[in-house]
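Next up: some structures, all given as structure tokens.
Presented sequentially are two complexes of chain A, the first with chain B as partner and the second with chain C.
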Partner chain A sequence: MSHQLGRVVSAILQRYFGDIVQQVGSDLFTYGSKPIGMIVKTTGLARSLVIDSLRTLLKFDLATFEPSANELIADYKLIPDNVLLLIRYPRYLLQMKSKYGSEAELLVEELLQQATCSASVLLVTIATKYKDDKEKNITILKLKEMFISLVTAGYIQQAPVAELKEGSEVPTLVPVATIVPDIEIRPLIQAMSSGDTSELKDNIYWRVNYDRFHLDFRDEIMIKAITRRIDENAGELMRFLLEQMYLKSPAWAAESSPLCALELRERCRGLAAERPLLHQYVDQYLKVLEENGGGFVRRVGDSGGGQLCVRAGLAARELVLAALDHTVTERLGSKAARIFRLIRARKYIEEDDIQKNAMLVNKECKQLTYKLLEEHFISVQPMRKAASSGGLAKAVYLYHIKLHDVSQAAQELCYRSLHNVLRRARSTRTAHARLRDKLRRVRTIVHGMRLRGEPQRNIDDVEETLTPPELAVLQDVEKQLKQLSTAELELDRNLFLFKWYFMYPEK
Partner chain B sequence: MSVKTDEQLKEKILNVAKKNPKGISHKDITAAIPEISSADLVTAINELLQQEYFDLFNQNGVLIYRIKAQTSKQAVKGADNEEKVVFNLIEEAGNKGIWIRDIRVRSNLANTQLTKVLKNLESKKLIKAVKCVNASKKKVYMLYNLEPDRSISGGAWYQDQDFESEFVDILNVQCYRFLSQRSEKMKNNPRGPIVGRTQTYATAAEVQKYITDLGISKVQLDVEDVITILNTLVYDGKAESSVYPDGSKVYRAIEPLIPAPGLVQVPCGVCPLIYKCASTGLITPQDCNYMKEWLD
Partner chain C sequence: MAGRGRGRGGSNLSFTHDQLQALGIARGDNTSQVLIPPPLFPKLEAKPLPLTSDAATDYMLIVKDLFIEYLHESPAYVKRKTKTDGIERYSDKYKMLALDAKNNKVLDCVWANMPVELRPQAKRTQVSNRKRKFADQDAIDKRLLTLEKKENQDDTDETVDTAENEKAAKTQEVNDDEEIEDEQEEEMEMDDGTDYANNYFDNGEEYDEEDDNLDDGPVY
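And then the complex of A and B:
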């Protein structure tokens, strides 16, 4: 809960929900939890506006509430981590599209927009929307099947239900175990043809399960890292290991329970045609994965043809270290990165030893070490000797790395960057708001004219109201905004890595 | 006894001594030269000792004569006693050298006198002063013809007490090139990953041979030197090291686990002003020049 996080959260709320929600959100962020009355007082907004904003925040699970001391009114609290997820939405959609196809993408997109929705309303809305789209060929039957398979896979879960406890006016949200639904298709088709969804009697509400997506992202990072380090076959083997891990241990466990190599061999035999090398050399690949795979996998025993466990916690640590290495390299140069890694390899090291091992000129080495210290990448631990009789008691200064603290600092840096990118995008948008507005209007008019079948000459006339220089500027702005949004996604990926690392307690 | 036979006798003793550089005892001499009488031997040895051909040691109660290095014998010719003492101290220190303060303490000479003696010896090219790489102010003396020890000269990486960073950089790049040429063999090796991995490993000796064959180094590099360079590659994150069963260290080139993360892809991640950047004020993201350059 840092100042930088507050700035990012505020910028994101502004982007997606506008100024009023931003004001309420920032207020909640600054003060922790507070009731409506207090929010009205500090923000100076009308009570109805505050209530509306809170409604929005609660709907999208960006805030929670709990009964305050007197049990009659509720205290509201912002969930900054969930606000950050708003910029991850495109990644969720991409994941769905690549894994399950366009129907799944549509379902998740609609559900993300609605926040919570009943299955039947969701299906009918999407089917109605794409009724005329012949290309995609969306039918309600296909959507229903996809919905069920997404629920089964855990990407969609049941929303928590509000329950009133005795003696309290404030309801509490109770999570519900997800049961795979049985949706009847006939009433849905009826509702679609009549265009009236109010008759659907469906009171089970659904929402997207972010955690399931995050597991996918985690697996992807680990597999990609192994593929980079060894090769595709080893990456595939890592995938099998992770799949097995889901069956036997909690999904986010720092270290999985032992997995049997025999089952892996079975899996690889099934793939003999596709990956002959993997099938032929399974045991060798396991050995290489264990020895050169950055410590992602560890052998724990030899029974049953070898017992392996996946060390997700260690993997997160290694990956964060790799990210930090990159950051140091880019910020202070590769020589500094060498010192950074050297200190890490030695745990605690004296200044003289750094110079000897890093093979750098004394002066440069000192300068870089102090620069690293200044930017909080390394820490120093003085070891004072007891006062000796003759001369000065010399202290020994040992350099070392507090990984948790360094990662925090780097995460802050990410927040700063993300805020800056959002802010820049916003100012670019406002600076060219008039032009972008004009473009939009011209496009609507032209679209309307085309539909009415007006002559090409008239259409050209309208289109020419946008002068070539204006078009050039617009093109430029579009390019800039695209670059900024790519940067947002990349920063979010980086933040994901840090969040994953912080999930495991500091050793 | 004539002078001639005297000289011959001395020659014979010296020959015996030369064959046994560790020193000879009375017995050895009589065994090697049985015709000698003990009186002759005593005079001959006394003369030799006076001419400083021998050092005299007492080993387990037996007197041992050891022949002195030829150079030192000649070097001190025509020198006075102080010079001899100082010279001997410096000689003892070998290629590690000796600090002027230690000479003073051990020779019991006054400072001014010692400086004079040292200057004399230096001008005769008998000794030389070498600057120490660890402490630039500290000078050590050693015999003129000796190559300074690694700890004094810093080894191959120092030229006149200056660290040659360019040289190290070039070697670093070359070593990496050598390793990365091999690293491709790991991927999808048809003979299995373990064979593939073994092919990517290179021992320090192999790298040293490659570097020597390239001919980029004017000084001869040992395997130890190459290992220090390879270790810098490990610290650069470009290589990892492992140990073969026979105990020799092997290296192979590796890639970082992840590509450049988002943080360094945006200008803010590398911006030197990031900690001064705020929503308002002189440095803001809205009109940041680095951002502008990046977006254009």
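And then the complex of A and C:
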């Protein structure tokens, strides 16, 4: 709930939903929760516009509401975390496409666009959209099967249902357990041929379960980390461990309940043909994973061929540490990173000792230490010594790293740069709005002409309305925007890491 | 000796030469005072690493742009009603038509999950239709004609007494009655609207809505 977060949220809302939703959103962010009347008053917008914006925010689950004190009107509240998720949507789609193929991608894409949708309407809309697309070969039957498997896998869940409490005018949304639906195909095909979805009586609504995707991302990060640290076979072993973990303990648990190594061995035997090395050296791999795997896995017992547990909480901590190391290196150079690592290794260290151990010139060392302190990467703890013989009370200053606070600071940095990126992209876009508009118009005209089969000469004439210098500028702008967009995605990856780390309470 | 405990003659206002040297500032290091604010965009000290660009990133960028484009086209992207700048243009008509068509679309939500105040109120478009029906010159003419005929019939009733005439008048009357009944029914339906149209309570929000016009300035 920081100032930087507010700025990012506001910028994202502007990018996705326009100025008015942005105004309403940032107003809600600053004031916490408030009813419509108050929003109208503080933003100075027309009531109908505020209502429209609130509808948008509620539809995309970016805000919630609850009955206010008098039970007649609702108080609205922004959910900043969900606003940040808007940037992660492409990643969800990529995940779907790579894991389940294009049908799953289409389903999730449509569902993200609709926010909440009933299964039958969803299926019919997608099927009609891609009816003529021979390449993809989308049939409603395949879509239905994919939908059911996605629901079973937990990527799609039932949307909360409104309940009207007695004496209250405002509904409360109650989450419901997801039941795998039984979709009849005949009415869907009928609706498709008639092109009328209003006939479908389906009032079970679905939405995307972000949490399930986040679990996938977490697993991927852990497997990738192990793969890079040891090798692919170890990564595969980590995957098995995680799969077992899902069966035995809550998905986000900081430390899983003990897993039996025997089962792992059996899994590996099953894969003997594909990964002979893993099958042959499974015990050695487990040992390496334990000793050199960054603490992702810990041996908790020896019964039953060895008991292992996966420590996701510690993994998050290790990864955040690595990210911080990297940040310090990139921002302040490798010498500062050396000091940072030294302080981390010693936990609490005096300034003199830093100078002695970091092997740097005194002045430079001091400067870098202060710089680290200034950027909140390290903190200082004064320890007063009792007044001794000298008469002067001398204080000792101990430098140390409060990981939780440093991660907060780094997260703020991410927010700040995300905001900067969004702002920069926006100003580039407005500065070249006219040219981009022209390009778009020329493209649509040319496209239309191609469809009509007009001679190439005429098409060239139209294309030449964009002069070479204009084209050069446009290319430049496109490149810039692409870079900024990529930066957004990268920043989001880091934010995910920090969010994962903050999930576990500070020790 | 009082007051001379530490240092003499105000020398404690600044560091001594030795103290400065201990802090790492040599003679002549003293820079002149900076009177200008720091630059708004300071130069980067280190060049940032290049961003990854592979097929997956490209895919995500395309998907992202498509999603944003979709949102901008959808009614979720809230815009003000189009206003003209006072200069009439020929193209205005088409522009406004296109924009307003977009504006008038209502976001497709699950209304049951929304508070009552956000649900779309049943719009009274029928009212305007009805008015137009009366404003229609033909309708007025027709009505006047029937009334005139009726009057004439009343007059002629006394003098001429043909069965045919009476029959015609009767059917006319019946027709008229039906028409009136129809209208009444229509009115009833209209007032009903849907459940959403009914405001069961007064939440007091309308209280200060009248104040909107105060901006125009006081009335002298």
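Following the convention adopted for this analysis, the second predicted complex is superposed on the first by the 506 of 507 C-alpha atoms of A that agree within 3 Å, B and C clash if a C-alpha of one lies under 4 Å from a C-alpha of the other, contacts with A are read in each partner's own complex, and residues count from 1 in each chain.
Operating definition for what follows: contacts are C-beta pairs under 8 Å (C-beta built on N, C-alpha and C of every residue); 3 or more make two chains touch, one makes a residue touch a chain.
Keep in mind the model is a prediction, meaning the values are calculated, not measured.
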_In the overlaid three-chain picture, which partner chain does A:177 touch, first (chain B) or second (chain C), both, or neither?_
neither
*Regarding the shared-chain residue A:483, is it in contact with chain B (first), chain C (second), both, or neither?*
both
*asked:* Between chain B and chain C, whom does A:331 touch in the aligned arrangement: first, second, both, or neither?
replied: both
*Looking at the overlay, does A:273 come into contact with chain B only (first), chain C only (second), both, or neither?*
neither
*Figure out whether A:322 sits in contact with chain B (first) or chain C (second), or with both, or with neither.*
first
*First (chain B), second (chain C), both or neither touched by A:364*: first
*Considering only touches as defined above, state whether A:451 meets chain B (first), chain C (second), both or neither.*
neither
*Residue overlap on chain A between the chain B contact set and the chain C contact set?*
330-331, 483, 487, 489-490
*Considering the complex alone, what residue numbers of chain A touch chain C?*
15-18, 20-21, 36-37, 47, 49, 51-56, 58-60, 65, 70, 72-74, 89-91, 93-94, 97-98, 109, 112-114, 116, 159-162, 169-171, 173, 205, 330-331, 333, 363, 366, 482-483, 485-487, 489-490
_Using the touch definition from the top, list the residues of chain C that touch chain A in their complex._
24, 46, 48-49, 51-53, 56-57, 59-61, 63-65, 67-68, 70-72, 74-80, 107-110, 112-118, 200-201, 203, 205, 208-209
*chain A to chain B touching residues, read off their complex*: 7, 221, 224-225, 228-234, 277, 280-281, 284-285, 287-288, 291-292, 294, 318-319, 322-323, 325-327, 329-331, 334, 337-339, 341-342, 345, 357-362, 364, 410, 413-414, 416-417, 419-421, 423-424, 427, 479-480, 483-484, 487, 489-495, 497
*Once bound in the complex, which stretches of chain B touch chain A?*
157, 163, 165, 168, 172, 186-190, 192-194, 197, 228-229, 231-232, 234-237, 240, 242, 254-266, 268-270, 274, 277, 279, 284-286, 288, 291, 294-295
